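Right after this note come the structures.
In the two complexes that follow, chain A is the common piece, with chain B as its partner first and chain C second.
Presenting the complex of A and B:
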């Protein structure tokens, strides 16, 4: 009897120890919300590697989701005190919504100290657009710099060469337009204007978020850009689209018919707009650097787009969330894998020396090693700043641009009205 | 003097031009959507855009059902819209009947408050209502999708207008026969309210079926979504590969089927109900 009791006791102890061993492996669910399924794909792959390498003691569940209208959902959750995901991808155009009333600082971790020395390894402009009162709240997902996507056969058919400066662009464009071809398009979307404005060296807001678009230097730059646009529109070098048309089949049809030779757009435009909508144009495209200003002022490229990954302040797993972002976006290998797997160009300057980036010959561009084009200007990505009033500026520009295109509003009136509207809104709020 | 029965031919011609143009403007996008659901992406973007597909392929439909939780979205939408419609018809007709046929203290003030609540934009109520749902733990539950919307002021007003037409003598006769108030409502009032119920039913079903912002805020997780939110997210889900235009068109085509069916079968009541309700005070 005693023997049986001893055996049972030993068995019980053994079971308790085993249970203890099992419980020693902590259960953690890490959540991520984003608007773009590619980030889900990328982080899901990285998370498995990272967990196996650095946290074999944790039993992870990765709940990474694409959430429709993610910012509306997140801001509603914040208002109601509902939980946020551990990691949130904030599209840069939505970032000003989080700057309002300091939401970004109240709800998300200031990453500045965590980023530390890695700040210098990344193109600076990719940090500043997630700056709020001196702190950085997002790690960007791609370079988003600008170049000229063009069809060599169309340019050749109108006897045009790839323009390298804006004066060449106007000259070549005017000649091409006489034969029914525009070199590129512009639109009323304020981001399009901002793209040209930043290249020329302008700033809408300063590092402290002050509105500086009305300062004389910036006003002059804005007028120069609009003068370039005026000349281009009048000669036909630039085709114009409204925002609603820009993302539809209209430009694609014009590319196919040769009415439009190309577009000056950010790096994602090829993979996410041209390729999916015009698969049959594979091999007919090439990329060239964005034309520069003839006086040498300004930059060799510009920028449009990006998504910053932020860490929720109330997350019980904030430290792990940051580790994963760091592993995925701020390591050399992570940067290269991001390009290889989901096509977003590295933001880490050294990654542009990797053969997997600069050596890749894309068949859609006739085997051109397009990474070299982006590498040329990676150090020139414009540094720019956000403000809660960016949406006011955007709306003011977008509402007036069609009037400018059709000639019923001149450049000075447009700029002065935009300055007045934004300053008035800021004065009203203060 | 007798009015001539012969209409001016020019007026008739112009009328036809306007009506046919209106019909084309309305129908062509729907036709394009339906055609596109049978085409490849390259064919969708071919010019001219409205031609029928070269070959009728069901690939987009198969891909939609395999690649997305479309059946769940469809089921959720049907469940929420159906439940909301039935409950709305019940509560609105009951309240409308009470406002039309009973006298009670504060009735006019209450009705005035009800009508004035229609002036409050939906957007203003959104966040407070969401906070309320959050505090009672209803986020991501069917209750939050249905219950806040089952007694809309417009519905009560519409039912009251119809209930005003119910002869009081009929209700008194029912009472004399020993019918309870609720039985009078069920067996005497409801049959008379039928055209109004049809109009309100369609209105409620369509509102719920097409609702976007509320389910977006309330529902979490892919399988719990409704059609408008799920379909809106299809492009983002497919990021990195070609935008699934064909699948999106197939999703939109299937999504419009219940709406068209419901409307075709009960449009007579819908129009009659709305116009009748509009003039009775």
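Presenting the complex of A and C:
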């Protein structure tokens, strides 16, 4: 009887100790908001690994969510004094909203010191777009560099070769257009213009956020790009779409009919636009480097897109939030896994030596190892800067581009008006 | 002195009335005034005041006086948006509203079979989400594969780029706005029509009035209060149109479909200029107030009130 009592007593003590141990585990809820469900998928997988490996003593709850119109929600929360998520994915086009009057610095952690030496491991252009007054406030989610997505059979049917320079593009495009095929499309979206403008070496804003689009060198580059577009539109080498229809089924139908041979777009265009909307075109696509300028000036590629992951300043778990971003986005393995799992190309230059990235033969592209194309240009990602006035510049470009396309506005007027509007807006604020 | 002797009984009467009912009447009417104050008066006054400041919604507020208003009137995009909104409003009042009235008359016809089914069908668009409607119309209005262009293509005409051509984009949006709002307006008119006594039509018929004469001499005059009500509703809806241009065209091409509320939204929420956006809202309020006032005067409602 005594033995049974002792055993029961020992069991009770053991249970109490275990309960004590469980209670000793810290409970932490980490929240993440983003506009893209793939990031939720990626961070959910990484968070479990990271928690198990580095923080077995913490009882984590991961509340990762896709939030519609996330930036407006966050800015509204800030205005209302409501809490922000620990981690926020800020789409690069929305970043300028946070730059206004230093909101980004008031609400989010300056990550510069935390990034430290890893800055040099990442393509520099993927940092500068989250720069505010010398600090970095976001870690980018993908390379977003540009190449030519094309259908070899369509090019072959019109006797065209893949163009490597813009003069080849215009020449080949004019001949193809005579047979009813355009080589690529352009749109009134200011980001499309910026893509060409950055490749040629232009800058809209400088590192300090000053508006430099009006400086002679940039003005000349803008005119050169518009001249390329004018020639391409007039000859039919370029098809034109408005922003509203660019992401719809219209281009897909034109790809399928052979009216459009391809598109000059960022790396995500294949996985997120063509593949989901045209599964039946598997095997019919290839990727080639973006055509370059004949005089050798400018870069071998350009850039469009990205999402920077930021850490909320008021978060009680800011350190853990940063650790998770660092683990997911700034480690070699994290970069490769991100590509493997959600298709966003590494921003870490060394990751482009990994066979899982450059050796992957995508059946959608007929088994072409497309990673090699992106690897060629990873060191040429344009470095560019943001400003709170980017939205003004964007609107001014987008509002005028349809007039340029249909010939009712010339390039010089367009550029001069855009410069006037942005400078006038800056002057109004000052 | 005489005034004193007259005033005393009134004051006494008021006091006695107050003591008889206490504060109950005020409590009964207070919800309206509280809600009105909280959700209309306070935001309106705040917007009026905010229009005199520069504010990003989060940081410091800076006094700018009338600079926001000055900027509005010097901004060509504002005038473009105002012009577009005027077009939407005019089309709503002079095309969509009369169409709804005609439709209501048809749906009210005694000879119409399955009237309830028809009425339900015309009302359906009202309960469909504007976003869903806009997305469906995006497909229908597609230049190459949209159903709207199918007859044109079949007849050998060039397809129309409804959403991409500056000459057609407002027409396309008016079609979408009309499709969405026609049902509700029809219901308003239908309710009005059903309140007109049938004897009046019979008397007019005996006097030799035909269908058209009965419509203009019986229906329209007796529907005047409903027409006034509907015209104000239609105008308010059209002036505040936002979803359709936002989803279908993003205000383009070249601002050809940009509405004034879209302009306000973009300046406020995308550029974080809440002071400026508030001043746009104040201007919009003033315009709506003036137009509504003119409408009421035009239909003589104030005159009737005074007469009665």
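By definition in this document, the second predicted complex is superposed on the first by the 410 of 430 C-alpha atoms of A that agree within 3 Å, B and C clash if a C-alpha of one lies under 4 Å from a C-alpha of the other, contacts with A are read in each partner's own complex, and residues count from 1 in each chain.
We take it that a contact is a pair of C-beta atoms (placed from the backbone, for glycine too) under 8 Å apart; a residue touches a chain by one contact, two chains touch by 3 or more.
Just so it is clear, the structure is predicted and the values come from calculations on it, not from any experiment.
S.K.: Touch check for A:106: first (chain B), second (chain C), both, or neither?
M.R.: In the superposition, A:106 touches chain C alone.
S.K.: Between chain B (first) and chain C (second), which, if any, makes contact with A:97: first, second, both or neither?
M.R.: second
S.K.: If we overlay the two complexes on their shared chain A, which of chain B and chain C does A:342 touch? Say first, second, both or neither.
M.R.: First partner only.
S.K.: Touch check for A:359: first (chain B), second (chain C), both, or neither?
M.R.: neither
S.K.: Touching A:252, do we find chain B (first), chain C (second), both, or neither?
M.R.: first
S.K.: Identify the partner contact of A:188: answer first if only chain B is touched, second if only chain C is, both if each is, neither if none is.
M.R.: Second partner only.
S.K.: Touch check for A:79: first (chain B), second (chain C), both, or neither?
M.R.: It touches chain B and chain C both.
S.K.: Intersection of chain A residues contacting chain B with those contacting chain C?
M.R.: Of chain A, residues 72, 76, 79, 249, 253 contact chain B in one complex and chain C in the other.
S.K.: Quick one: in the complex, what on chain A touches chain B?
M.R.: My answer: residues 35-38, 41, 65-69, 72-73, 76, 79-82, 249, 252-253, 272, 275-280, 342-343.
S.K.: Considering only the defined contacts, which chain A positions touch chain C in the complex?
M.R.: Where chain A meets chain C, its residues are 72, 75-76, 78-79, 97, 100-103, 106, 188, 241-245, 248-250, 253-254, 391-392, 395, 398-403, 428-429.
S.K.: Taking the complex as given, what residues does chain C use to touch chain A?
M.R.: Going by the criterion above, the answer is residues 54, 56-60, 67, 71, 77, 138-139, 142-145, 163-164, 166, 248-250, 252-255, 266, 269-272.
S.K.: Quick check: in the complex, which residue numbers of chain B touch chain A?
M.R.: Touch list, chain B to chain A: 41-42, 44-45, 47, 49, 126-127, 130-131, 133-135, 139, 213, 216-217, 221-222, 225, 229-230, 232-233, 236-243.
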